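Below you'll find a set of structures to go through.
Common to both upcoming complexes is chain A, partnered first by chain B, then by chain C.
Here is the complex of A and B:
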């Protein structure tokens, strides 16, 4: 099994990862076949980024760091898209968002 | 034929049902079948089996329909509505034991991703106190 591809990104949005972006984040993650996980700390716990319940519970506020990791055939795209989504303050248009 | 599980929102209050549906549409989008109903047949607070049956019909998907309810009668009337469905539909409709607003958003997000009815129900119910 290949190693996880990882990237950390700081939440700069003023309210943080609130409800609506949590749904968008999950929808974006679901668009990839790779396993995608997210954590508040590099030591975990790691949560399935495709689980809306888990993502909604993260409640990452402004200034907090989100750690992303993905493993699978489209892991690179998944990391780029999701970290871009967070870095752009949840502007879906500025990421290579999956449609719908 | 819709390939995604449908969501029905049943509240005692039409305002709550509509507001919850608005949140689902706004957050998850229009790709999933969604219907809501609230109030009794006189337009007061309550629920009506007839209205629930209409909503199930509106949100119908061959993948199934998950119903989110608020309190007491919304649940029992939804269960009665399910029992009144034609036999070929009855097994494809479930009432979720979940908070109505949060459950509807979570269930709809899961349905959007193409999950099965069982997965949609389980996701909504992950929120319930164990």
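Here is the complex of A and C:
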């Protein structure tokens, strides 16, 4: 089994990763076959990025650092897309443009 | 029988309704022993599926924020994380209802404990989900939506409002809530009386009550004589509405015959479908924010052009004043509005924001200039504070017009006016002699003059626009406009409230822009002044 691919991104959006962005975030995550997880601390606990219940529960407000990790055939794409989504303040269009 | 009691709250939507009480939210289904685990499991799974289907149906009928809220709820219900925990509880011997309740309670506790309002506020959505599934499990789904009831709750979930049939009347009485909440806005637009902030005084268990949304109080278990008195008053108000209705299609005139222009405040193009253009003198405030759905891609020029064009077509030559993008303050827009400002009402919003984002501003100005050839279009700038904001906007508009001409696209340059809502402008309107028109926005003007934030319930009693300071500013702006041939109108909520109208007439205003629901009432009241 390959190692996790990781990336950290700061949530700069004023309201944080709240309801509507979380819906989009998990939808994007579900588009990848890889396992994708999120955490607020590098030491975990890690949560399934495809679960809106989990993503909401980590309460990633403005200024918090979100750690992403993915493992699988499209892990690289998953990390690029999801970190881009957060970095672009949940702008789907810019995310899509950035990921190709 | 419980003794009669009067509970004071605050008004959120006017009108009176007397009827049976339906308590919501507190529906905790009586615990019963769990049956066979397989049976409990299938009951829960089908209750969750039923809830998803119901919300999905509701979402299909809604757009904008309402649709987004519903989509979030669907996503939460579809997530296995909640379901799996409840199913595990069933496997340990709990009933479907107990398992779901416990699972959601622990999840809600996590939200409530958050110091971040953006997360703690989501507890309301989880409660909405919790109760929907609980009601389905109890087979209560239909009784909740009964027409002609008073809905009593801590706060009201938007989904419940949206799926309730209000055709037989009804009212809302909330322990908490806010008059600027989504539900309050919906209640006012549909004429549903609503009282908020009743506090914990609401003892529940009352079968009958009167909701007085005008005075902001609830009379629980009223004596028959009181019901009769209120029924009379309600009848009088209904009669007044009938009288008002006769004014709907007439041109507004004061008692002395002086003509007053009464225009409409519109938030969405779809609203126009319900309104006869002959009933008004045009659109005094068309909010353009509906084009900029929060979180969605920004609308392109063509989309904006088509939307503006359809409004002008509806207006059929009558003036349509379109306000340029006014996000920020109580209308945040992800991707456009500033982040982390502790007081966004005083921050980068309105024209400040659009000038800082010329890409967004130019797209809108180009669309407006192109649409302008289809009718009488005026452009209004929100939150103007300094003359240079008007000047810079005028330069941008001129540039857009000449670009369009170079590109060979049909367009014309609409008149450019300003909202008068920042005290600096209301105090010194002479600095804005170049504005094509003034439109006084009393909602923001009041909050700034009274130092009382619109999103802060604790200072809500300071929000009354009926203060001499506000009256003086309105009179000053109106007098300056008249002396200098600058048309002045007023588009704040104040114009929709009959008791404020004498003051506005005294100030010399001859043009008002009001909520569609207030059109007949305002014309009727003007006829008596």
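Quick note on the criterion: the second predicted complex is superposed on the first by the 96 of 100 C-alpha atoms of A that agree within 3 Å, B and C clash if a C-alpha of one lies under 4 Å from a C-alpha of the other, contacts with A are read in each partner's own complex, and residues count from 1 in each chain.
The rule we apply is simple: a residue touches a chain if its C-beta (ideal position, glycine included) is under 8 Å from a C-beta of that chain, and two chains touch if they have at least 3 such contacts.
Every value quoted in this text rests on a predicted model; they were computed, and no experiment measured them.
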Clash-or-fit label for the pair chain B, chain C on chain A: clash
Which of chain B and chain C A:20 touches, first, second, both or neither: both
Greater residue coverage of chain A in the superposed arrangement, chain B or chain C: C
Chain B versus chain C as contact partner of A:51, first or second or both or neither: both
Partner chain(s) touched by A:89 [first = chain B, second = chain C, both, neither]: second
Which of chain B and chain C A:30 touches, first, second, both or neither: first
Superposition clash, chain C versus chain B, among 116-124, 134-142 or 422-430: 134-142
Residues of chain A at both interfaces, chain B in one complex, chain C in the other: 19-20, 23-24, 26, 51-53, 56
Residue ranges of chain B in contact with chain A within the complex: 26-29, 31, 102, 105-106, 109-110, 112-113, 123, 126-127
Chain A residues within the chain C interface of the complex: 12-16, 18-24, 26, 48, 51-54, 56-57, 59, 61-63, 89-93
Chain A-touching residues of chain C, taken from the complex the two chains share: 68-69, 71-72, 75-76, 79-82, 107, 110, 114, 116, 118-119, 122, 125, 294-295, 297, 332, 334-335, 337-341
Partner chain B, residues of chain A touching it in the complex: 19-20, 23-24, 26-27, 30, 50-53, 56, 100
